[in-house]
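One structure, pasted below without further comment.
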Amino acid sequence: MSSYFGTIKRGAETVLGGLKITIEHFARATKRRTPLSAQEDTYFKQPLGLVTIQYPSEAIPTPPFSRYRLHNDAADCIACDQCARACPVQCITIKSFKATPDDIEELGTTSDGSKKKLWLEQFDIDMAKCMYCGYCTYPCPTECLTMTPVHDFSEFDRSNFIYHFGAMTKAKAAEKRAKLAKYEEEEKAKKAAAPKPAAGAARTPLAAKAAATKAEPTAAATETPAAPAADAPKPAPKLSPMMAAKMAAKKVETSEGTAAPAGEAKAADSAATPADAPKPAPKLSPMMQKKLAEAEAKRKAEGGGETNA
Amino acid sequence: MAEVLEGKKLSSYAEVGATQYVLERGLDTDVMVLNMGPQHPATHGVLRVELITDGEIVVKATPYIGYLHRCFEKHAEALEYQMTIPYTDRMDYLSAMNNEWVYCMAVEKLLKIEVPRRIEFMRVIVAELNRIASHIVAIGTYGLDIGAFTPFLHTFHDREHIMNLLEWLCGARMLYNYIWVGGVSHDFPPKFKERVAEFLKYYKPRVDEMNNLLTQNELFVQRTRGVGVLPADVAINYGCSGPMLRGSGVKWDLRRNVPYSIYPELEFDVVVPKGDLSIIGDCLSRHLVRCYEIYESIKIIEQCLDKMPEEPGFDPHKAVPKRIKPQAGEAIARGENPRGELAYYIIADGKGVKPYRVKARAPSFSNLSVLPELAKGTLISDLVAIVGSIDIVLGDVDR
Amino acid sequence: MPSVELNQWSNWLSELGVPGLLLIPAIPLVFIAVYALYAGVYGERKVSAFIQDRIGPNETGKWGLLQTIADILKLIQKEDVVPAAADKTLYVLGPIIIFVGAFAAYAVLPFGPAFIGADLNVGIFYAVSIVSIEAVGILMAGWGSNNKWSLFGAVRSVAQIVSYEIPAGLAILCGVMMAGTLSMHGITLAQSGLQADGTNNGLGILNFFIFQSPVAWLAFLIYFIASLAECNRAPFDIPEAESELVSGYFTEYGGMKFAMIFLAEYASMFMVSVIISTLFLGGWNSPLPNLGPLLLNEWTNGPIWGVFWIVTKGFFFIFVQMWVRWTLPRFRVDQLMYLCWKVLTPFAMVALVATAFWEMYVRNTM
């Protein structure tokens, strides 16, 4: 019986409490919030009242780094393709081709001074596919691709959502491509006609420089760094003690049993191939022995996988 | 009775359960087959529930899902690790930060990366803000299902504040792409922490007002008390988690039981209903768990704002790997989503930059599986209340 | 004012012959149309908007005043669709009967002392009984739609309307007992402060029945709650529960038929507001008392003032109905029935017996 009257009493109390809250909201309907961005200091100091914002005559200002419509300054684009590669939905289509050396000046530089080497024939972004993640903007080296705070850009036709940022006309692109094709043919012909370089001579400019510097101090430089020599002792590179121990172990292994081409040594690094032949103990300091033992144990525990350097 | 029914052609959906029910009632009635179709105001998304009712009483309820399946796991096999993060956003789109976080934890485990301390605090703050926003949606739409139109609008306005804050932080209002493997995408702008503190101060009285208007209203209590009681053992057997499990009295919260990130340093309570206003395991308990979790999230954010280390010139990308090419291996990460336990199981084959397999264990999927059990013998209005209290997001159920 | 002259305008119109007789029902119909458009739909949208911190309609016309006209124009232009599998007769007749049931009660609503459609001496009884035809219309609409959800809504609605007529009727009886007559004008006159010798005691609001009996407030409250259920308004809007049944029994209706059902709901809202203000709050009498030299009661009573008062009181209760709708969640069907049979009916009976004793032994009007 008491729960019967209790329910009625609670019902009446809570109903009246609820009615009080809603009538307070009703009474506050003379005041309105102004559309402020969250960046404003007075954002939370506004009066409680009506909160509707009369879009489109007023709008909440979008913060400047909001991720909405993409924009590309094609003049700054070096056509590195990083944005197209970073996009998870592959909505960026870039078509570019090399510029011939005499056109480099026509290409110009970007606003931060980087040299442009490629003609940007096509740079299309399909905003209907874009998922507004912003991954394309991070790898852009010249920061020409940005996400702007523009969020209201509806179209009637879906094909209008493909934004074309490439600045070349079809005629110009065709002309430059033809020029490039011609230039490449000429280069090929030049190379075929040129005499073969002398044996042992440096093939690349870098190698030539190295050979030149080596020729001066020491007279006994018979091989260039570019030429691989399996028998001649390699100049000892600066390896960490760990790596030295490993190399030593591997050298012993190869000298002991099966002929180990370079590929197998590499495979022993990454894949899980337990060594068949017992490893002979190389001459190591106690510290190195301890480290090697730890590495051995760790490798065994993980089944041969190593941490990525 | 059985002889009377033998010669009659029962409806094609009258399976064992329904026939049994009709036989036991001893009346010569037939059952009605109804479709709470994919388009229905109360099913929180594209969920189809096929109801077999005897008048107003539900005899059998079968949920049909898959209307929002977007092949997340297949996409993850075709994308690099960092590129999958926007896709994880879109699974449980109401709590996007939490989804991203658990995924990033799994990849970080795979790569064995340590995340800087300031990053951990930033992640906790945005994840808890998102938890509040998600619970606001759950509570507001639950009120709408029960018939109270006004708390929905009041609470959604507060959610607007959270979305505006997060838009200022990372550029997007709902699908943030903020938590990255090894870090976050943007550092807190200047004055962001003050604004968050102001928001919490503004919001606490609004939660009290919402509770007065909705939760404590006797009509609401009568609608949800004792409805859809989920016993604790049934909840555990079905794999329920989150407020579903805590509403049944099981004190299980991954932030305390399987701690991750900096949660061990923060003081907050795991909300379990005491049974004074509600019956433990009913819809009202689950609703109360969500309401009180908002208070707990506010507490967590306040503590984080105090304890967060200030590092001028901090680079949020400093631990983010340039190229994620893990060795062969696997990793599992579990996190406490507002809806329950979200887990990712990633298998890497060591052969490239794309995972071999990503499995997402979605909380709403397991929570929804309990619906046929809860719905037997309830009225249709109760069914709506039960579906609302499970708090599913179809993006999470279907992935 | 020594005595009140009744039915001046109605009598004048009926003396005009056939055009006058057609004009008499036309006036409440026009009133319903204007009221339902403005205080009804527009008022509801604005009140709900302000409660929910929104603005509501404000684009069409100043403050959105032309919004409902735009809505009506749109609804008139819609194609009149009858679903192929629907029972055509029932489907078409349903909304008509709903509207007719709601509108027919306007015959006995007093728009001031000078105008009433039909001054029956069983006015209230007629009003309550004719409104129950709505239940038949609702059932026709729900069944004729050939939609299981509509049928649910219709069946729930009929159960609700039929059940809530009991406490409503008992509460009405309290008011009737205090007045001693079933006639609408008679009940209002009993609250006008008119004494047996023809003078007026000029007390205004204190003459109203709600202050004349210690249990009148109980009867008032019971009738208010029951009337919400009669109009299918929240918290009793389970027949049209938007989140469960999409739109309940009028899911399949569009265009003008939908507009008629909608209009019928607002019409019955005003009707019950007028009935409750007549029974307990003095009808077309002015609430202002005579304060010494300021004979406010005399100055604010009259044929035109009467229209103003009854319409104001009606609108006030409409506002309260809207206020309640946007605050409270909805009842479940069995809880609705529990409330009716186990809470309202016993309390209504208690109020009835208490009023009877009060009238017999204290006010000595019986």
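Descriptive notes on the structure:
Lettered A, B and C in written order, each chain numbered from 1.
The working rule: a residue touches a chain if its C-beta (ideal position, glycine included) is under 8 Å from a C-beta of that chain, and two chains touch if they have at least 3 such contacts.
Since we're looking at a predicted model, the values are computed, not measured.
By C-beta contact pairs, the most connected chain pair is A-B. Every chain gets a centre from its CA atoms, and the centre nearest the mean of all protein CA atoms is that of B. One simple way to say how far apart two chains are is to compare their mean CA positions; for chain B and chain C this gives 45 Å. Centre-to-centre spacing of chain A and chain B amounts to 33 Å, using the average Cα coordinate of each chain.
Chain A and chain C have Cα centroids lying 70 Å from one another.
Residues of chain B in contact with two or more other chains: 150, 154, 157, 213, 217, 219, 222. Of all residues in chain A, those touching 2 or more other chains are 15, 18, 21-22, 25, 51, listed in ascending order. Chain contacts: chain C has residues 51-54, 326-328 touching two or more partner chains.
Of all residues in chain A, those touching chain C in their complex are 4, 8, 15, 18-19, 21-23, 25-26, 28-29, 49-52, 54.
Listed in rising order, the residues of chain B touching chain A in the complex are 79, 82-87, 111-112, 150, 154, 157, 160-161, 164-165, 167-168, 170-172, 175, 177, 185-186, 189, 191, 195, 198-199, 201-202, 209, 212-213, 216-219, 222, 325-329, 350.
Interface residues of chain C, counted against chain A in their complex, comprise 47, 50-55, 323-324, 326-328, 342-343.
The part of chain C that touches chain B in the complex is made up of residues 48, 51-54, 148-149, 152, 234-235, 237-238, 241-244, 246, 326-335.
Across the complex, chain B meets chain C through its residues 32, 34, 40-42, 56, 143-150, 153-154, 157, 213-214, 217, 219-220, 222-223, 379-382, 384.
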